[in-house]
Structure formats: structure tokens, C-alpha cells
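In this document, chain identifiers A, B, C, D, E and F correspond to the written order of the chains, with residue numbering beginning at 1 in each.
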Amino acid sequence: MDFSQFNSAEQAHMTKVIEKKQMQDFLRMYSNLVERCFNSCCNDFTSKALSSKEEQCVMNCADKFLKHSERVGQRFAELNAESMGPAKP
Amino acid sequence: MDFSQFNSAEQAHMTKVIEKKQMQDFLRMYSNLVERCFNSCCNDFTSKALSSKEEQCVMNCADKFLKHSERVGQRFAELNAESMGPAKP
Amino acid sequence: MDFSQFNSAEQAHMTKVIEKKQMQDFLRMYSNLVERCFNSCCNDFTSKALSSKEEQCVMNCADKFLKHSERVGQRFAELNAESMGPAKP
Amino acid sequence: MSFLRGGSTPGGGVNHERMEMAINEIEMITDVFNRIVGSCHSKCISTRYAEGDLNKGESVCIDRCVAKFFEVNKKVGEKMQNAGANASPATGASSFSL
Amino acid sequence: MSFLRGGSTPGGGVNHERMEMAINEIEMITDVFNRIVGSCHSKCISTRYAEGDLNKGESVCIDRCVAKFFEVNKKVGEKMQNAGANASPATGASSFSL
Amino acid sequence: MSFLRGGSTPGGGVNHERMEMAINEIEMITDVFNRIVGSCHSKCISTRYAEGDLNKGESVCIDRCVAKFFEVNKKVGEKMQNAGANASPATGASSFSL
């Protein structure tokens, strides 16, 4: 996104908004990860304790989810930059 | 919804709120459409290019989604008006 | 959550925020219940009227959903209190 | 969704409580609309997407689906009013101690 | 998503309409990103979770999946611009009478 | 979710940063609660709906399900703290240039 047309008061406001959004996004991503990994890995409710197999699955799932999101983020940033066209002189 | 009990300051405020909500709803509907049509139509990731078959599917899906939403909107408005009861004199 | 470190102006603000959130949560839970019970119970669209079988299913579903949420809420509150550790002196 | 509506307070300025209730009602209506769009799409629309128009079967299905969703919404609303919103299941997450 | 962008209004203070448009655009981009994360996870990641690294197949699938989602987003965006946003399907829920 | 909590700043007025952190924490707790309700409903509640009461099996399943979700939440939280929130995957969508 290009904010170069914004004056300094507007840029300061946008910076605050973006920072707040980043925090909210991070929290949402975190909850989403927990929900997804729980749903994929926990299917046995004969005990309330996490079995070592379930725990391993959750850890791998979390690792993979983070790497997945990171890779999507990289591709997303590249494609987003492309779609914005060449930089202004 | 009946806002006739509102004074003019309140009506002006509500109008602004509603306009903002409409924009947000439109954007959400748009993202939702893209996600739904992508999920239904794209299942082959041996290439990053959209095949002509996938593209046709996406176009039909988008058309259908818009017509679906419009029809739901018509029925919704009718039933919503009904449930509000007869108009005041 | 522990707000004891907050001054009275902050506590008053938080109380308002929490009350507003509770209302929004209640509404969201309600819509979510309706959606879930509709999706589980209504699968016949040869008529627009709710059959008595569908209605019974919806009523049981709603009952069960409320009892489920309540039970989750009890366990959640207990585990949340535990994870906060023992109260400060 | 009339159980959300508070009494009317006559007067000149902006009544914030009344505004908030109206906004809650708008958000609820929009939320219900979006859920109906999603549910009735899943129930009625074939995902083959061989054409862009709604066929006769899909159109009729949508009409009935929306009506049925409204009925379910009404029945559940009546039930909730009878039961009283006291036993709100959301209280679990809302047990914040001030 | 350039169809969201309004014209630039030069001046010193904060232009609230322009701010709101920029915020709408940010929210839309974030929303699209989150949907891509979800869709491509479902399309590309095996739920066996035998290891924590992305394997070669998953990595390649993610790259193509993101690119394809962008293409779909672009095609649908073009379609919507041509059709005009007039026939907004959201109007059903927004039929509030003032 | 203690990693969200900032230090306490003594003083008289409203500390906006501290307020925002507390609100973030409330929103997170509510979000987690709602996800548990959804996940444990899918895991434990039969969709036959032959009766309105929770049966013994469902009740026990819910208790274990909530406890297990908390454990998963804790394990993932510890992992994230160790890894550092630096490598936030959300940065992709947040690459806005000012």
C-alpha cells in the first residue's frame, strides 16, 4: 500500500492503526493455530491428559502452521508488491 | 428497523453508522465469495496458473453467489418487514 | 484476570468495556446457536414450513447447546482461575 | 429480535444507550443475514458450477431455506425469552474479577 | 483492490474520509491474507503431522496456492468492477428505514 | 496468556496503553472461550438431538475436552514464548510501506 500521498498527521494516525491491527492479527493467528492443532490432533477423550502422541502432533502442527504462515506471508508480500506495479520515480 | 422514535441528531449518527457497516459488509461479502469460489474450483496445484476450466468455474461460482445473495436479500427483506408487523398509521 | 493494579478511573472504563463485550458475546452466541441448530436439523427443503420433527430437533439442539456452553463455561472458569495461580496476599 | 429493543427516551441530544442498542440490533441483523447466506448456499447451491445462473431447483430451495431459517430464529428467540437470559452461557468467559 | 481507493485530497489536517478508506483497504488485505492462510493450509498441509517442517511437496503447493488465490481474487475483482457494485447483494440486510 | 501483560504504571489518570493491553487480554480470553465451545461441541455432542439434556458420555467428554484444550493452549503458548514472537507469520500481510 502506498501512503506517500498522506500528510504527516495522517501518517502518524495510520502507523498507530497498523500497529494495533498487527497485535490483533497476531492474537487471532495464535488462537486460530491452537484451535486448528487441537482439532487435528485431539480425538480421544477417554482421558483429560494430553497423551505424548497428541502432544507431539500438536508441536509438529504448531511448527508447521508457523512455517506455513510465514511462507504464505512471503509469497503474499511478493505478489502484493507486483500487483501494485513498479515504484514511482 | 424503525428509527422514527429517534431525534434528528440520532438519525444522522445512525445513518453514518449504517453507511460504514454497508461498506464493511460489502468487503466481507467480496472476500467470502473469493474464498468460497477458490475452495470449490481450485484443487489442482501442479501449476500456479489458473486453468481455463478453473477460471470458468470461478466465474460461474461468482455469478451464482451474487445471484444467491441477492435472492436471499429479497426474501430476507420481505420476512424482516413481515416480522416487524404492519406499518404504523 | 486481575485488575487490582488499576486505579478507579481505569476500573470504571474496564467495567463498561466488559459490559459491552458481554452483550456482544451473548448476541454472537445466540446467532451461532441458531446457525448450528438450523444446519444440523433442517435438511429438507421440499417445504418452507418447519416440520414437527425439525422443530423438536431444533428445540433439543438449542437446549443442549445452552447446557453445553454453560458446562464449558464452568470448566473454563475453574481452569482459568487455576492458571492464574494462588491469589495475592 | 425485538427483545433487544429498549424503551424510547424522548429528548434533544444523542441518547448513547439507545444508540448502542440500535447498533447492536443492526449488527445482529447483519450477522443473521450473513449466516443465512452461508447456510443456504451450503444447503441449496450445487458446487459443480456448470453455469452462472440459479436453476429452478436452487431458486425454490433458497426461498424455503430463508423462510425456514427465520422460523428457527423465531422459535429459538421465543425459547430464550421464556428461559430468561439469566442463565447466559457466556458468563464462563466473562468471569473477570474487578 | 484498487477499486477501494479514493482520490487524494491535498491539505494539512487529517482527512477522515481518506483515513477510513485506507483503513478499509488494510482490513481487506489482512482479511484476504488470513483467508489464504486458511485455504492453502487446507489444500496443501497433510494433517498427519509426522514432522514439524514443511516438506518439498507442501512448500511447492503453498507457492502455487497463493499465486492461484491471487489470480482468483483479481478475476473476481475485475468482474465486480464491470458489473458495477450497484447490484450489491448486501442490500438485503441493509434495508433499514430511517 | 500472561505474555500479553505489560508492566503496571502507577498514577491517577487512565493509562491508555495499559487499558489497551487489558482489552486485548479480554478479547483473547473470549475468543479462546468461543473456540472451545465450538471445538468441544463438534467433538462431544451427537447431532441426532433425540433429547435436550447432556447425557453422561457427553458431559464427561466436555470436561476432558476443555481441559485438553487448555493444555494445548498452554503448550503452544510456551512454544511461542521460547521461539520469540519475532518471527511473526502475520508480517506478510502487514508489509505496508509508510
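For the reader, a short list of remarks on this structure follows.
Quick note on the criterion: contacts are C-beta pairs under 8 Å (C-beta built on N, C-alpha and C of every residue); 3 or more make two chains touch, one makes a residue touch a chain.
Just so you know, these numbers come straight off a predicted model, no measurement behind them.
Counting steps between touching chains, the shortest path from subunit C to subunit F takes 1.
Taking the mean Cα position of each chain as its centre, F sits at the greatest distance from subunit B. The copies subunit D and subunit E differ by a rotation of 120 degrees on their C-alpha atoms, rounded to the nearest 5. Ranking every chain by how far its Cα centroid lies from the centroid of subunit D, the top place goes to A. Between the Cα centres of subunit B and subunit D there is a gap of 14 Å. Note: centroid distance subunit C to subunit E, computed from Cα atoms, is 29 Å. Centre-to-centre, using mean CA coordinates, subunit A is 26 Å away from subunit B. Of all residues in subunit B, those touching 2 or more other chains are 1, 3, 14, 18, 21, 25, 28-29, 37, 41, 58-59, 62, 68-69, 72-73, 75-76, 80, listed in ascending order. In subunit F, the positions touching at least two other chains are 26-27, 29-30, 32-34, 37-38, 44, 63, 67, 89-90, 92-94, 96. Interface residues of subunit C facing subunit D in the complex, by the touch rule stated above, are 1-3, 11, 14-15, 18, 20-31, 33-35, 37-39, 41-43, 45-50, 54-55, 58-59, 62, 66, 68-70, 72-77, 80. Residues 1, 3, 5-7, 9-10, 13-14, 17-18, 21, 25, 28-29, 32, 36-37, 40-41, 56-57, 59-65, 67-69, 71-73, 75-76, 79-80, 83 of subunit A are the ones that touch subunit E when the two sit in their complex. By the touch rule above, subunit E contacts subunit B in their complex via residues 4, 20, 24, 27-28, 31-32, 35, 38-39, 42-44, 60-61, 63-65, 67-69, 71-73, 75-77, 79-80, 83, 85, 87-98. By the touch criterion given at the top, residues 8, 11-15, 18-19, 22-23, 25-27, 29-30, 33-34, 36-38, 40-41, 44-45, 47, 49-54, 58-59, 62-63, 66-67, 70, 74 of subunit E touch subunit A in their complex.
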